[in-house]
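Below is a structure I'd like to ask you about.
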Amino acid sequence: LWLPSASVVRAMSSSTGPTAPFTTLAISHPAKSVTHVELHRPEKLNAMNSAFWSEMVECFNDLAADPDCRVVVVSGAGRLFTAGIDLMDMASDVLQPQGDDTARISWSLRRKIAKYQETFSVIEKCPKPVVVAVHGACIGGGVDLITACDIRLCTQDAWFQVKEVDIGLAADVGTLQRLPKVIGSRSLVNDLALTARRMYADEAKSSGLVSRVFPDKEAMITGAVEMAGEIAGRSPVAVQGTKINLIYSRDHSVAEGLDYMATWNMSMLQTDDVIKSAQASMEKKGPKTVTFSKL
Amino acid sequence: LWLPSASVVRAMSSSTGPTAPFTTLAISHPAKSVTHVELHRPEKLNAMNSAFWSEMVECFNDLAADPDCRVVVVSGAGRLFTAGIDLMDMASDVLQPQGDDTARISWSLRRKIAKYQETFSVIEKCPKPVVVAVHGACIGGGVDLITACDIRLCTQDAWFQVKEVDIGLAADVGTLQRLPKVIGSRSLVNDLALTARRMYADEAKSSGLVSRVFPDKEAMITGAVEMAGEIAGRSPVAVQGTKINLIYSRDHSVAEGLDYMATWNMSMLQTDDVIKSAQASMEKKGPKTVTFSKL
Amino acid sequence: LWLPSASVVRAMSSSTGPTAPFTTLAISHPAKSVTHVELHRPEKLNAMNSAFWSEMVECFNDLAADPDCRVVVVSGAGRLFTAGIDLMDMASDVLQPQGDDTARISWSLRRKIAKYQETFSVIEKCPKPVVVAVHGACIGGGVDLITACDIRLCTQDAWFQVKEVDIGLAADVGTLQRLPKVIGSRSLVNDLALTARRMYADEAKSSGLVSRVFPDKEAMITGAVEMAGEIAGRSPVAVQGTKINLIYSRDHSVAEGLDYMATWNMSMLQTDDVIKSAQASMEKKGPKTVTFSKL
Amino acid sequence: LWLPSASVVRAMSSSTGPTAPFTTLAISHPAKSVTHVELHRPEKLNAMNSAFWSEMVECFNDLAADPDCRVVVVSGAGRLFTAGIDLMDMASDVLQPQGDDTARISWSLRRKIAKYQETFSVIEKCPKPVVVAVHGACIGGGVDLITACDIRLCTQDAWFQVKEVDIGLAADVGTLQRLPKVIGSRSLVNDLALTARRMYADEAKSSGLVSRVFPDKEAMITGAVEMAGEIAGRSPVAVQGTKINLIYSRDHSVAEGLDYMATWNMSMLQTDDVIKSAQASMEKKGPKTVTFSKL
Amino acid sequence: LWLPSASVVRAMSSSTGPTAPFTTLAISHPAKSVTHVELHRPEKLNAMNSAFWSEMVECFNDLAADPDCRVVVVSGAGRLFTAGIDLMDMASDVLQPQGDDTARISWSLRRKIAKYQETFSVIEKCPKPVVVAVHGACIGGGVDLITACDIRLCTQDAWFQVKEVDIGLAADVGTLQRLPKVIGSRSLVNDLALTARRMYADEAKSSGLVSRVFPDKEAMITGAVEMAGEIAGRSPVAVQGTKINLIYSRDHSVAEGLDYMATWNMSMLQTDDVIKSAQASMEKKGPKTVTFSKL
Amino acid sequence: LWLPSASVVRAMSSSTGPTAPFTTLAISHPAKSVTHVELHRPEKLNAMNSAFWSEMVECFNDLAADPDCRVVVVSGAGRLFTAGIDLMDMASDVLQPQGDDTARISWSLRRKIAKYQETFSVIEKCPKPVVVAVHGACIGGGVDLITACDIRLCTQDAWFQVKEVDIGLAADVGTLQRLPKVIGSRSLVNDLALTARRMYADEAKSSGLVSRVFPDKEAMITGAVEMAGEIAGRSPVAVQGTKINLIYSRDHSVAEGLDYMATWNMSMLQTDDVIKSAQASMEKKGPKTVTFSKL
């Protein structure tokens, strides 16, 4: 069984800065079939600037197509996860939109919002599971980002803030759509979105926003990579089919979800992975001992 | 920062009885842009009589249109929040419906149920956030009411009861529709609705029905008004747009919610509130120092 | 008030083996209007073989039509609840599907999956509430089964495992569709489905998968039958209408759910059960003192 | 069989002007249980002014509740059906909206549009069938109006025009939503909405917009009242249930429509009207010979 | 090319009466892979009695599973297609429902309606295309039946009547749900359903209810069998996949339909039928010259 | 008023071959703000090869962003509109898919189908209206293409064929999803898709597939450009908002469509185009005399 040691974690991308062609993201491979995407503008608290919005799309489109990537871990370099949108960098784009009249300004704004929304929707459209690991602060756009991920982990010192009402707008790149489908308490969702108050790690855990809390960042990254390794060791046909159908189910009735699932699995069950896995299981070996073809 | 003192809370509407033109509701203004709506038939345990069902509609339609109201707090006068429907008063209406045959009786009943449903749906259609503060008991129709509110608070002595099966009917003014979308445990929802058992404050908190529990009513009202004041101090364009889009998202897929959000914000982002808020933020001042135009 | 004693519980079906015409299920009647369905292949850890898949459909279709059954309790005989699908027995059916080419094999597989899905959907289509009581392990197909039930209970030693990715497939008979609508934490759902890790009783309780945890199986069965008795003592018109509308609401918007509810209750409110129940209530007698007509 | 003579038609409301309390509508009763609503500002080509938008709501809400009205006929007084919105009268309302910034102007406009939409949605929400009879021109808002009616008739000289693009806006009170669900050719819908060209009676008939064309207005009104009389003579339980379920089906899948229908008819089939009608049928008498209770 | 001659048609099942085990249906096989289902109670005008409602379900479930059946033709024996529901036979079932109170009667009626609805829904769930050929009259339940079929043909003397309002009820086994999705003119649908007037062959053709009109029954049956033969000669993977996806599309948005289609065809494109058909096509041979494996 | 003369039409792109960077499309500008996209592989009957599938996406994405393009006309060069997919060129891509097992082949096929679907969905996502003009034959993929366009025109000699069942597959790039929402007769849709028979111009017109038939190609192109010019002369805010909302309405209920429309127009009504258009209208000048800002 592969286990990431602390030294492996320390050797991860963080120290060396962004990975070309990206200027805001550092990419590394801490374990077999696991890709680590690190928000990497630590001197700017990983604030989301213009480059970030397009680099995320490029990055996740690449990962979606890369057969050597089976699971993605996302985290932030430096003191905290992300301070959210980089208002200075984005101001001209969002606050001074162009257009000859209100309708044309609106038209242009709608196109931009849709583009920003896509930045996080690519995480969801990428069929590989995405584990996000949050330390320090996760503010504004950061919440939009993590709610589009599949599994959320955090450190004991982490806090979360739906910040948008504080700057006069309704959050428009995913938080209002995904947060209520990610945690079970509607009262809490409304509280967070309307008061912009901070939620700390304990409440994040008890409300179900995160499924595990770690004492510090090193432990969390170790845990995230370990979990990613567990998933990456299983059949990619099974794992990615699971992600796709879980997301489908969120947006459809149970009956529709079942129908889609049956139509999906009528071919996917014909994979050799089932035979290989079943055989390993009967021999009391774990799925991670099996070598699966690339997908 | 404005902070309601206990004296302010004591000065609230409760002592003086219903506010004209209402006979079951007392309206007061405990803080700037905050309206307090108190169920006020304490001698009848705030049971919901005929007058109540139409006064709620009138009240919330007024609040929806009143630019001086930005947040609403709802609570109950007297010993408990509400004993639910006033069976004595409503019996003739519901239990002795008129009509020449079963179809015509049914027709008339359907119209009445739809009217009662509307009583709580107006809370949801009112774009101003509604914070409900429950003490003592919240029974039957009370659960229908609070699940239509945005944020739920309660005292340590509060309990909740989906009472309808005990009187031979399936709850039909909102509980069965909204409760499962308000708390995350389906097993608990079914347990409550099928056994009519009481749920106490601790379980209400851990299940997410309420997002905060207070030691007593005074502390709760103080907390509710404080929270309402926090929200009321922020941009009404941001706050009300947030409520509208959160409710839209509940009833639609993520993709549909994002599309609606982009179409919503293409105009709303053009508000001066963003500039004002962003400026305050850069000057390290809170959003509550900003004066926003009425909406 | 009727209270099942431990002796009653011991007298239940478990000891005597499956009940004809079933070979995998034992049926008994531990309390008035309560039917107990026990998975009963203890020597095979209640693994789901071919017979099971069709017997469940026959059993629940019978229960749906049986006016003497108002509530169902499901549990497992022997050491644990269920080890899931019986791979040995089912292998030829699922792993060696017939057909002249890939399309025809797929066609045949889709039909089978749909049939297996129906096995658990019948639980949902049966209008009588189903309380499931889990002890020991609940693996793979077992999770599909319990998420289709209405109320989930477990013992302190119970654990749950979404096992399918371990054998190379995406769960396709209900878990991916129902689990996310049954518990509130999306991160946890994804974690369980993607890592196939075990979830123990405490997490099952805090996440809302089960609504009560009992120290041991005897206490749990006693509690389940007691709870079933509570529900069975209430108006079947109210109880079954509640189940039907709760499930409808899960798959529709609030507005659609309210409309359906009004259309439902326009006739159901005309039941004598309301009068009987209201009268009992005014006389301070519980609903269980009332005799309701069969439904 | 009741047959309206030409004299009856001539005696209809048109000559006498609007009926109090309305200033834009003339109400008359050309046949038993049939109400005739006439757009009545002939000197202004029945253009839709401020008064019209609220009078329609009041009128149809009244008709919905009036048991003596079972079918509604809508037509226009004077030279043509309607010239659409009265731009002069409405300009200040729509073209000079109030608000301190773009967001607040938008907010106010949205509320107005929703109000105007409601003007025609009341036709749909009124469970009594509405037959609309168009002569001369039906322009802009007129198309919004007629697509919300149930049955459309016209004279040989009638023409229809989706006018909105000609004044710089996308039609927003119903045409774009209902026209595609009212006629079968998508290409024609797009052609009409994008070019604002006129469609004449023959194309209106062949495309299915209208189901009958009459040589002139007198023949059409006679025919409309006759058809309305036919419908009004049948069981109101059957007729109004049919309208409600046809509209429900338009907006739902077939499976959802069937479920709603079964839930609807479980009470409505218990009407005495079925017995009365079946008996008349066996005696070879038409349904119009039966006296049905009011609904 | 196979062409049914008139003699073949005359040899079809009609003359010999119902085919065991059916008492209301006659089954024959007029062409390769084509099954003919004839409503066969000519002395009762093929009115739908109790037996009919369950025999249809059994029949179409059989056909769905029978690999030798690739296309179904439905027609009526004797003077006309069907007079609709057999009121005499069904009266006790529908008009004298059992139950101790209104709610229980309603419950029982809902179950019956659902069962009757299923009678025609099986036609839709059977993946083999169903061509229906109507002569003479098609009344009431007959319209429910034909709207659930895939292709509608009729003779010049045929007429159609949505009869239900004439007997005091809203049509509840499919007409109100399917007719509006089967023809393009909403005005015509409403006219037919509200006035219960007859629609003759010409209007049935111009409105799109039927896609072909034949001079007489013999020509129609010849044409229907010929069309069925054309379809039966093509790849069953292609044909049945087409039916399933066309029905899916009716009830979903275009985006959802496309997603389902891609998930469907990811396996179905792997059929040998594509290679065989493509090869035949390149050799300028028609698809009917190819032998396809059973499905 | 601008009117294209025959000479203009003759001067259009057809003679000069594909326009760089495209190899299968010729782009020209026959009128102000009108772009003509011609399928241009006449020697191959405009069959859709690999290049075509990606060039269409690039082309329509460009047009969507080009403010000088307000309307698009699509037609085919040479003898006919298109022979559909180029089986020779595409065979290796579709018929010999890669992958280590059935699941992986399926995965790869699904991605390809989705990519091909996108080729025609871009037409729908482009907010500028697309008028398609068909002459000669329109086969297979051609029908997928034209059903994604907004307005369909054809010549008297045109015919249409849903060809896919003839080569052993269910049409998977749009026909089965869009054709039923484009024409009103379900029976005809099924007939065409299941028998693969040809439909000629007259039936295409009477069924509503096309909205106009022209005697020959020259007249049709003249008419198409004229119609495009009419649309291009109107406010782009109005025209493109109309297209977007018509497509939204197709996939949503009327109530949802109205809500989206109101949210859309709350900003779009603030365009200067309304004032300009209204003024022109009052001065009895047409909308085409107004100069609108670019969008």
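The letters A, B, C, D, E and F name the chains in turn, as written, and every chain counts its residues from 1.
Here is the rule we go by: contacts are C-beta pairs under 8 Å (C-beta built on N, C-alpha and C of every residue); 3 or more make two chains touch, one makes a residue touch a chain.
A quick note: this is a predicted structure, and the numbers were derived from the prediction, not measured.
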Reaching chain F from chain A through chains that touch each other, fewest steps: 1
Same or different residue numbers at the chain A/chain E copy interface, by half rule: same
When chain D is superposed on chain F by its C-alpha atoms, the rotation angle in degrees, nearest 5: 120
Between chain B and chain D, centroid-to-centroid distance (C-alpha), Å: 37
Separation of mean Cα positions, chain C and chain A [Å, integer]: 34
Interchain centroid distance [CA atoms averaged], chain C/chain D, Å: 49
Residues of chain D engaged with two or more neighbouring chains: 102, 106-107, 181, 183-185, 206-208, 237, 250, 263-264, 266-271, 273
Chain D-touching residues of chain F, taken from the complex the two chains share: 129, 150-152, 181-185, 206-212, 227, 230-231, 234-235, 237-239, 241-243, 245-246, 249-250, 253-255, 257-259, 261-271, 273-278, 281-282, 286-287, 292
Complex contacts: residues of chain D adjacent to chain B: 100-104, 106-107, 237, 267-273, 293-295
Chain F to chain E touching residues, read off their complex: 87, 91, 94-95, 97, 102, 105-107, 109-110, 113-114, 117, 121, 124, 164-172, 174, 176-178, 180-181, 183-191, 193-197, 206-208, 250-252
Chain F-facing residues of chain B, complex: 260, 263-264, 266-267, 270
